[in-house]
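The block underneath contains the structure these notes are about, expressed in structure tokens.
A, B, C and D are the chain letters, set down in written order, and residue numbers restart from 1 in every chain.
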């Protein structure tokens, strides 16, 4: 199998121009009041290969709220610290339900199906709150380290905005605690969770950050983050669970492990080859970026490079 | 990224000997009376690379009932014939439930979540019954062609055995028909379904048959079966939905698209590289081969070759 | 507590005239083709006291398809024959779901919640098919005896019509059989079920038939049908489960045990006092007669006679 | 229909002695730490007829935590204040699920099935918190008035005990708020809810309190509490929903409207005739008093007095 020589810069530009010329469907997430203020016209993408070839287009250097994309980072840190013991408290199966569903928790006795639905991410946050000395600070330090970007910050405004309306997540956290699968105080766990989700990055920073999953066990700085086995497993979970009840659709259309956030960002990883981030705030009805999905589908179709 | 030179023959042998020396947990499927008669000691595997390197071990040339593995073949034929129109009648999302669940059909109005749970496979069978002139014969011809194995047959005994007890599948078929998503008579659709599942193959034959998915768009004979895009999409669905409510687990532990059957067979595909089939009749509680899962997990761990 | 002297004839007339002067909302059941042919304008009622005071109005002597109302009769016969052993195979709890739902059967392992949802009625039919020598004939004889109406018949046309489209019921029966809670062949059980549902009666005949539940343990002929305890229990089940997922609403608005059918009939029983039947084919969205509900609500409101 | 002359005092004594001589199965509720301290041997009952005939036996004058029985009182007050507008926010259908289930709320968009499951009771509490000037004080005043018992109190200890572990109820309240069906702050609503449930009464006091439902529209003091129609409707809801997923069973075995609490109390009402309260702390697996169910079943069987 030989790799075709692809002019990624040109591919990116072509797709960007096509997508931007078409309808921008969907709606900006409004359930977090602060997110509703973001302009729907933002649109950017950043390609970064494992050989440090980097191409950006559009609003690729503008910060946005990464939201659920952060769940991959918290998972990787918890996995790094506790190893396979984390799987006693959260599963690795796609849920077949929406991101904030409480339904399965009842039959599953408080063990969330996977770490990327809200329920599972909250359990991972509980683990980090227990394991880290200064949870929020230490988590931010970890993210800055693997990304080699010192400017990454929480957005206090977004975190507060979500906290003020986050009744569903409060329900989830208390519900899981009623089954004994949350050890800390719900308020403390949710404070960490809302802050974690409020992290702001650019497409460029996200591609750098996720390089540790593309480049198997080395991050952008050439440092080991996770073992090969752990790295592959996180990619596997992104593949099956990264897009809530549209995970199958993303796998089907794009064919890469990835993770989306309600801020409109999507990161996708081609193990051994590249990492690509796209951002456009309007979401389809499943809560994933409308233009983001379209962009990435075109990208793997044109390059004929997916993991399948 | 360069490929390590791997002595597949030796790897296969090592893993085989390790697994065979360990406990053989689980239970042979008994719900189809005929399958219950198969010896639990059968154990074989066949590796076949896209460059025609072939290695077999154990009972790799013994026929067994491929059961649900056949669902990939019927899907590929229906997809070939009707194209993307098939997705109006069946989804591509993991179900999060067991293989024969009826629950989601109610809320999903008779559209099965994916073509690999029984409900979805039955809808695909309905499509083939409508589209093929002599459904059973034509399907067998297709399977023989893509595998280049003229000796592949239905097992009338197994088909009858399953028909005699297949109340759950009769329920599924009638239920879907009540929503209007089955066009033919349920008896006719189920006759096709039970026969399709009864196909018997060896590990060697299965690896050959699935080569059209490993070798992107060429089968073992070097013939085009499906377009690149369709091929990738079938692999994507195997990845997210191939193992019922253990699909995430398989993706997590093995990291390859694959499909299992209650006969104890599992086929896994590394696109562009190889196809591997393993067979051992004892199933874990999710209905997937206990030794098969173990064998494949070891294989991708040792070779460090998964899609992630 | 003394009973007010009520002019039932006048009350009936008043309510009838009011209801008939108002909008006739809802839709005639169309899922059984034969039922769709019935005129939506039919409207009749029959009051029958335990002291043999009888008043009819409108189309009270016109035959209609009693459909699910028959489930009370099959239950009473099975209860009479087998006693409390029937509760091993069917529960007495309201289901909280629609009449033909399959969802709960999965978690309840094939034990239907109560004998008045389709699943439960099918299990009761299975019992009768096992226990009766000539199931259909013997059941008809039983109904004729307790009602003292020799002219009661199945409608072969309606039975065949439902059989031709009864995929949901076929699904239910096969599904329950897959759990082992159907002992006979599904075809045989469903043939009995479809015939049972096809029974045709007038409002007058239904009031006579159900007198054994109003008059505690004597039927219209003064004969013992069931013990006091069994009679009370059937009334209790009608109270909590007689109207599918509108059982609470009926209890709330009308306050009597009762049973509805998709033919538009409703029978309600005031134990110790009277039986009242109303018929109007247009159904509300829960599948219960729109005018029937209204008529009975007015009746218990005006007379201030409900069991509460 | 004439009423038999029944020696209620003797009936009570006989049943009490029989039940007390038999095994005391089940377990005292432990999820509220404070309730776990109550002796399992407590057992008392109080019969009170609409003609002021009163008989008590055993621990009938000992205070216990009425818990969910209080939900009938809060419902009656909210119904009195707001009338039928309350049904926009809570249904009247049995849920078919356990008392603290969150599952149906998702499909029902935050409208609880009925006011007696926790979800529904919390919505009623939200209404009272909005409508009452001093919610807790005013509610207590109302309960004291309808019961004519000035000594009725909240148990601060029990309220605090439940608040300290009430994660499931916190989950429910936040979940419903996420659908917009809670208007006040969850903390405030739950403070009211936990206090309301903590009310302590004796069997005698409970029978007096519930007399307004037995005596149609007059309470023990001969004062009008609710209209006839409202009174009947509350009885109807108790009949279909008073015992969670054992409501059908209670209706079937006892045949009276009633309400249970996890403190081991059960109140049942025979409209127009009597009110009966029984208390024994050990609960069956559905959360209803084991001896209480037995006692009441014997009572309506022996007296042949149920509403059916």
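Some observations on this one:
Assume a contact is a pair of C-beta atoms (placed from the backbone, for glycine too) under 8 Å apart; a residue touches a chain by one contact, two chains touch by 3 or more.
The UniProt protein names, listed by chain, are A, B, C, D = Glutaminase.
Note that the structure is a prediction, hence the values are computed from the model and not measured.
In summary, no chain was found to touch both chain A and chain B.
Distance from chain A peaks, on a Cα-centroid basis, for C. Each of B-C and C-D has its own count of C-beta contacts, and the greater count is at C-D.
Between chain B and chain D the centroid-to-centroid distance comes to 55 Å (mean Cα coordinates, whole Å).
Chain centres here are Cα means. That of chain B falls 47 Å from that of chain C. Here the CA centre of chain C is 31 Å from the CA centre of chain D.
For chain C, no residue reaches two or more other chains under the stated contact definition. Residues 101-103, 105-106, 167-168, 170-175, 177-178, 186 of chain A touch chain D in their complex. By the touch criterion stated above, chain B contacts chain A in their complex at residues 1, 50, 91-97, 104, 113-114, 228-229, 231-233, 235-237, 239-241, 245-249, 251-252, 255, 257, 271-273, 301, 304, 306-308.
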